[in-house]
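Some structures to go through are shown next.
Both complexes shown next keep subunit A, but they swap its partner, so subunit B is in the first and subunit C is in the second.
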Partner chain A sequence: MSELKTDRELDLKGEVCPFTFVKSKLILEQMEPGETLKVILDYKPSVENVPKSMREEGQEVIEVKEVGENLWEVIVRKVK
Partner chain B sequence: MSFQFTEEQIKRYSRHIILPEVGGKGQEKLLKAKVLVIGAGGLGSPSLYYLAAAGVGTIGIVDFDVVDFSNLQRQILHNTSRVGTPKVESAKMTLEALNPDVKVIAHNERIHKDNVMDIIKDYDIVLDGSDNFPTRFLVNDACYFSNKPLVSAAILRFEGQLTTFDYRNKENSPCYRCLFPEPPPPGLVPSCQEAGLLGVVGGIMGTLQANEALKLILGIGEPLVGKLLIFDALSTEFNVVKLRKDKKCPLCGEKPSITSLIEYEQACDINF
Partner chain C sequence: MKLLIILASNPYSHDFHTAVKLAESSLERNHQTSMFFMGNGEYSINRDEIKNLVEKGLKVFYCAHNAEQRKIKPESWAESSSMYGLAKLVTEADKVLMLD
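Presenting the complex of A and B:
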């Protein structure tokens, strides 16, 4: 599978809920519709909560994948 | 859209930022907003406290009184050690300790005909939490003439009232004088020092005033325009009655008789 190229990347290693979502949202708010954001997480509950909250806000979650031991990437496309 | 919050601000305002209706964009609006509160008493205490907590960036307070023991039953910005301190100073200390993001401007003076326009000119929204009719009429007329939204609340005994006059859109908003064309004769309506007041009523109504201000700043929900909310603490009931624009209103009617500021006589100069 080819690596998705994203417009912005946010490294949130060491950050916990709800600030993983809060910080992702703040970056996304400053992006244009259609652009994509990659969020790097190492806090397991955030791997569920960030995509869930993003969807509730009407954003598109493109991918959630484990990329290493206790390390995940969430890719979101800004819809609105 | 670009904003830069510090790590502390992200944590402080996270519960706002999470809300879809607020977000970073809304929090930025709050930080840039300028709100004036008339009176740092029973209504002003809770409204000021919540406005500062919410991160309203500039908050003005007008009051000429000093903290008295009789205030402490409801005026939660002040405390026992502040008795004798000007209320605006006491309020400023409490609010700045709560949130250093907020610039608090203390107007330690009595509001009158010759300073009211100058005091309100730099603010976006005015909250009236004053305790006397001359001030209420003066603040109303000044907001009307300077096209500023006015969130008005009043409390007595076990009852509270609240409404918002949106003078940015006068065509669709009644004014205070549509409700009360002129002050009641001295002695007809008792003050809270005569009639008493359950402290918590100020807490409820002042908090609702802050809610109106936050909605106006954020541009969300429906402000309480053209409606008067009446709270009865004894039955714990809220009632909303419709307020209509009065064509014969002396201020906003078809043939207004009031075209400049009027200063009414204070029936009694003791303020609590």
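Presenting the complex of A and C:
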């Protein structure tokens, strides 16, 4: 499967809750509806809770993928 | 009524007993009752008293970050949450009690 191309990328390695969500939300605020964001995470609790919080905010979570040892990518499309 | 009890106290403190008794009374009155565990309150999440309350309708949430820091693995009836989740629960509740 080819890798999804995203409009923006946010590397949050080393960050923990609540900064993982806060920083994702701040970058989404700078984006236009329809644009996509790739969030890179290395903290498992955030891999559960960033997508959950994004959905509750009304954004679309396209994919949550483990891409390496203790490394994940979350792809979000800005809806509003 | 929607009651939210936030427990951040150390284990085996009076607050745990208070939280359990309040939640029990609230559930008996058919109030929608939730408990959010954070900080050192997480050490109490897997206790039998909480499990018994879950069977009576208590909803349990916990800060996943605080649990990870303390190497606590909550039971499956507890829902993983965050400070964002807590903020939402607070806005949705009619009354919030913080035991810290």
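Things to note:
One rule holds in what follows: the second predicted complex is superposed on the first by the 80 of 80 C-alpha atoms of A that agree within 3 Å, B and C clash if a C-alpha of one lies under 4 Å from a C-alpha of the other, contacts with A are read in each partner's own complex, and residues count from 1 in each chain.
Keep this in mind: a residue touches a chain if its C-beta (ideal position, glycine included) is under 8 Å from a C-beta of that chain, and two chains touch if they have at least 3 such contacts.
Since this is a predicted model, take the numbers as computed values, not measurements.
When both complexes are superposed on subunit A, subunit B and subunit C end up sitting side by side without clashing.
In the superposition on chain A, A:30 contacts subunit B only, with no contact to subunit C.
For the combined model, the angle formed at the CA centre of subunit A by lines to the CA centres of subunit B and subunit C equals 60 degrees after rounding to the nearest 10.
Legend: residue contacts after superposition of the two complexes on their common chain; A:65 is shown touching neither subunit B nor subunit C.
By the touch criterion defined above, A:55 reaches neither subunit B nor subunit C.
Of the two partner chains, subunit C is the only one that A:45 touches; subunit B does not reach it. Shared-chain residue A:21: touches subunit B and subunit C both. With the two structures overlaid on their shared chain A, subunit B and subunit C come no closer than 6 Å at the level of C-alpha atoms. The intersection of subunit A residues touching subunit B with those touching subunit C, taken from the two complexes, comprises 18, 21, 53, 56. Per the touch definition, subunit C reaches subunit A in the complex via residues 63-65, 67-68, 80-85, 88. Taken in their complex, subunit B has these residues touching subunit A: 1-3, 5, 10-11, 14, 17-18, 20, 23-25.
Across the complex, subunit A meets subunit B through its residues 18-19, 21-23, 25-26, 29-30, 53, 56-57. Put simply, subunit A touches subunit C in their complex at residues 16-18, 21, 43-46, 48-49, 52-53, 56.
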